[in-house]
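Here is the structure we will look at, set down as structure tokens.
By letter and in written order, the chains are A, B, C, D, E, F, G, H, I, J, K and L; residue numbering begins at 1 in each of them.
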């Protein structure tokens, strides 16, 4: 079923579509991981990091919606199902159970790091085929790098 | 690492903890499925169902947070990781790609139905061991059943 | 026309449906009676009781919507038509024309009293068949009993 | 008990009072009918019409309060009791049970039509005796005719 | 200095201008009198009437602004200076010092009564020359008559 | 295609429909002209008039929506297309390019003046056939005359 | 009728009461004068000064309420009737009719100046007898002097 | 003086009344203790715990109001006087003077623990006599146990 | 443990610290007493006084937080524990059980009176040692005296 | 009259100015067309599309303001007069009279399509001369393409 | 250029003007220093202190505006240029580069300390010449001392 | 102390870091200069420009925070101390003392001009090394150029 007529030529579409689909998976997993840590964190900095993690969740959820709707807008169907997220995320599986606040911070530094590396590559490849998509990826990467700094600053 | 002292005896704790963990998985998957359909739906009722699905997402996200924090509050660590959700959800895997509005509505009716059956059982088993948890499950089931009615009413 | 599949067995459904339908009628009439007195009250306490009555109206309208949608959610069609309300309400017909503030307060004490007696019975009978409905009835009864206290306190 | 001194002469008062009392009954019944359909509607347009009906309810409730208080303000006691509404409304009794969305729309077109015909007559008769009351009736008729258009547009 | 070109002919302008100037003076004095009583009232109904009076003040201030700007809009300079208000108001001078709540209510009934009689005459004379001004006077008279009813209802 | 049944007889409908269609065109053009001047104005009063013009835009846009929906409500299809606006507006074509603040104010005084003359005639002709439409025209003319005064006051 | 027991001795009470009563009259007149100019101002700075004057009105009205209620709080009945304001205000009678923007600004500079001189004296005399009243007078004088600066800055 | 007619039989009333009175005392003391620690806490986590404590205060104050009004609603007079609170609270007297952040957290864990034990018993005993009261106690216990978890998580 | 370095010399500190500690106790007890009466009041003025008392509670709670944090800010540990409040409050123990509205008003007049006398003394003694603290005490006394007037006005 | 000094060289300025002027015309016409359809649409999806169209209007109006002010900011006078819009828009003239909902959706798909093609070309040509303007065009194209997807999804 | 006529005599003016100018410089520098630390802080308490510092910034910016406008209001031109701030601030130059959280807290304790000492002297010298200015300085010192306490409490 | 790991290679980092540091200094000085003029401006356009300047302050403060946090996010420590700002700003030192409104406008045109020239260069050099930073600089330059236009338009 071909539904939405793309404003991009076929070759560009594939490339841009993959960048968006990859971003969607990473952002959805980031939102799940941040919530997982939000619930299981323990230690003296519990409250501070607990609150900070919900800001990551908000960032990740909002941007996941934007990239998924951008994919649809150029005629590519986004896939954000649990199985897809589990299989393709940039973020390795985090441990379950209580997690110490220092480990929690490190988990986020690592997770954000892995996503940012991929996002910078996606910014690079979308530059020519679709500056509109690229602009969305640039904007969300700025937010991810800001969270990344804050968790690093807390580890210093 | 035993962190949070439960106000429940061991046996009750296991039972209540399983009810909460199961609810968490079902609600997280419901939020992912509803978003998946929200992005991929097509057909004359696109806009109406697209908006309605975001209300399901809001319901599912809010209640998933409540049950996960309730689990932590009684000393049970919640597990809301993508892999866990993919493996244990009450909702079967939904198809990817564009989805007709009539199919979208049916998908939600079925998904909510499966979750509600499990929730009613969880309400039953938590009655004696922990009325506080039961009250949370009762409140969220009321919301799920309301969404369930609305999608059914649209199929009539 | 059978539209909404109930999550309750037939026998329970009838019982719970009657409790909800009865609650709907009582709450709708309470909203009409409170408005009637709101408009016709006279006497030194006019303003104070006039405002208080609008809070009863808000309570009654909100809860009537909740119980009607709960009925639909379990597959029972609610009936809130004027004729039905006039015929089945727990509250006796109030007099028309101007009403003294002391009589206004007494009217509300009596009207709320009649509704509360019925609500407590409905809480009792819904306990086993449907704790979700029961929880809704418990919550609205708490509000009605609070209004009941306030009007009694004003009569002291 | 004669309480509020009217700023209108006796003859005018009767005429204007009847116009307001009639408007009150029609608006209260409109609010009850719109809620009845809001709860019982089924069909593909469920959500859209369900929401639209709540806007009719809001319109009807707000204007019913205005006309009732206007009646009191000129010394006429308004009567908005369930029995009065059931007996005197311009809107015929609607069927109970589930109602198809197309029937729901037609029910509203007919109900609004019946009320508007009466309102236009009331605007005519209040012109000389009380332009203040007439202005209120003109304002609310504009709202009713707007709803009337919208439901007709949906039937086209 | 002739500044604003009127959209009304000379004769109509004089008539409409006087109606607006008279309304301005009455409304400004109403706001001062209501505040005077708001500050000096004593007695068991102190709080209730104290708050009610501030609603009169709000009504009077808002409408005084509207009529003054309407005068300017048709090219007539409004005069709302203290001396003018003191000299030309419809409301007789109220006593100074503490005022019993029952007297406070009566003072407002009488003051509103005097203003309403004048406003109804102004509505009558502006009908032909300027329906725009008339519509403003109709709207504010509805508000004044509503306050008038409420203070009368409290005296019953 | 005859869609919306009018509550007005044929002859009245034509007259009222023309008044509304004319108002729509004038208000849409007023919104475009005010924006044009808002963007191109220069001179010491730039900021003050720039802001004031956006209030004219808001007034014109809101009232254009009201009159268009009123036309639809009585069964007349409104026409607010750019070509229609360009051809039928009461406001003469304004110059392009930068515009001095004093010229900007004069442009608005003249534009509003031309629209107000037409509106007053429309108020006159709709009085008998449709007081509901007339009331809408009266209300928006009050707003236009207020803006008219303010721009004149600035020219003094 | 002696109603409110003062927390001040008799001699102090008279002095503080006079300071408050004088402040009340000056502030009420300031609000009337600022509105009078707000409505009648013309000239290129119309809009800017028109808006600025409403901020003076807000300041004057809020502080007049505070000083009147402070008088009542120490057992002195405030007098804010139109005749009292006209007779005792620090601000000389302003001219009626249109007023040029430059004259408008000068009128406010002079009016505020006259009030401030009196307020500084009232601050001086209330220091010993009642620091609570003094604190209120200090706060409002800061606001008046800020408005005074702004109108002076506009005259430079 | 017997004022409010209870909807409960005498025996049930005593039992439910004691549960509510006990809850009131515990919640009021919790609000005082949390404020005491909020003001006196020192140490590196000062700001984080200082803010968290105000959320406990809000929870405790809101629920204390609810249980006190529930007591009144069933005809039992609540007693929340300082002496009563000091004498009957579940929370032992906390030390005065500066308190280290780690001690502050422990104080809250212990205080909440003591209150929760009593609340769970109150939930048990109110189940049969008054499900309405029980529902209120269940809801507030959920909140207390959530705070309890958070302070424990901070101690890990 | 000496934590916060005071900006006041030792002698001044003791004096100012006692003024703040005394204010804290009086304000906390005022908030408890006002709530106690808020819950137990009966009589025709129930609603009016019930609402008024919650404004006293808000005033007392806000100012108690300000004075306690001011104490901490100058290096004095505040003590707001239930036992301290019960032992040192300016307000005598109020009776328990239902309280007639007239008695409720008198209770507040007396309680506020006792606190105000102490507050005025505290304003006197803090003038030289710490004008910053004095300014806070002056501001809150203004609020207390306003409430005092209002309850007295209601007793007239 | 040369007023605003551009930060761009002459050649770039012409190119960028044309891109902005073209965008302005297309966006203004889009807002007029969307309103035209908003008022004249009929059919079962009336309400859904009626509301959706107002979101297009909001998008188009906001972005038209941004591009017009951007033109002024680089020293190019924007032209948004009705005649210019009618002559230069990318969107062909739409039919007048009632429009079926399916036709309404198609009209928007076509109109948005035509504008998007032009916008993508404008993004291309502004890249080198003015990345600031390009960024604005990229942002608004993302919004247009999102609307485009939604109307296409509804046609599937 | 002498613009604003002072309400203070020449000698007082100089003294008060210097107090305000000194306060302005200290507050502006405090806002810059707090931002500098807000951006460069690292360590486990990063987030908590990062947020706390923005509250200092808000306090410092708001009060700097108040004192600068107070200076203007009494006819003294405030000087808040970067060079002036760098040359005259009470706060010594802080180091650049990353700053540990413990050092960050100490930096703020020291900076606030230096400013508070100066502010207390300014309160002393403005008492006689200008109680209005003094009141402003007292109010802002209360805020600074509250921040000072909080940073000290965190160092304990 | 190396704290935050940059996602940029060393060479790029230096270049991007300098662009951000330069932007920070210019924006902080712009906020100080705009405030300086905001406080000292005199002349007929005082109020209009006084308000406009606060919008520049808001723009400059918000963007300075964004660029400083962006610097930190890529591992470069921002330096926004008063001395640094005084030494390195693009804006020349402005005169102290009262400033005529025409001079005030010219000061802003010149200051914004100097900053914009530098910003456009920074946009150019950050394009390849870091599109995320470039996007931030593009966005803030759009705002600066809009302010620049407005002050120029006022000078025409």
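Simple rule for what comes next: a contact is a pair of C-beta atoms (placed from the backbone, for glycine too) under 8 Å apart; a residue touches a chain by one contact, two chains touch by 3 or more.
Keep in mind the model is a prediction, meaning the values are calculated, not measured.
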Given over half shared residue numbers means same and under half means different, the chain E/chain G interface is same
When contact pairs are matched by residue number, over half of those of B-D recur among H-K, E-G or C-D in H-K
Expressed in whole Å, how far the mean CA point of chain D lies from that of chain F is 31
Between the Cα centroids of chain A and chain I the separation in whole angstrom comes to 52
Distance between the CA centroids of chain A and chain E (whole Å) is 62
Residue numbers in chain E touching two or more further chains are 1, 3, 42, 45, 48, 69, 72, 98, 135, 153, 156
Every chain pair meeting the touch definition is listed as A-B, A-H, A-J, A-K, A-L, B-C, B-D, B-H, B-J, C-D, C-E, C-H, C-I, D-E, D-F, D-J, E-F, E-G, E-I, F-G, F-J, F-L, G-I, G-K, G-L, H-I, H-K, I-K, J-L, K-L
Residue set of chain I touching chain K in the complex reads 1, 3-5, 7, 69-70, 72-75, 131-132, 135-136
Per the touch rule above, chain A residues touching chain B in the complex are 1, 3, 28-29, 32-33, 35-36, 39-40, 42, 64-65, 68-69, 71-72, 77-86, 89, 93-94, 96-98
Touching chain I in the complex, chain E uses residues 41-48, 50, 98, 100
The answer for chain I against chain E in the complex is residues 45, 48-49, 51-52, 102, 150, 153-154, 156
Chain K partner, complex, touching residues on chain G are 113, 116-117, 120, 123, 127, 134-135, 138-139, 141-142, 145-146, 148-149, 152-153, 156
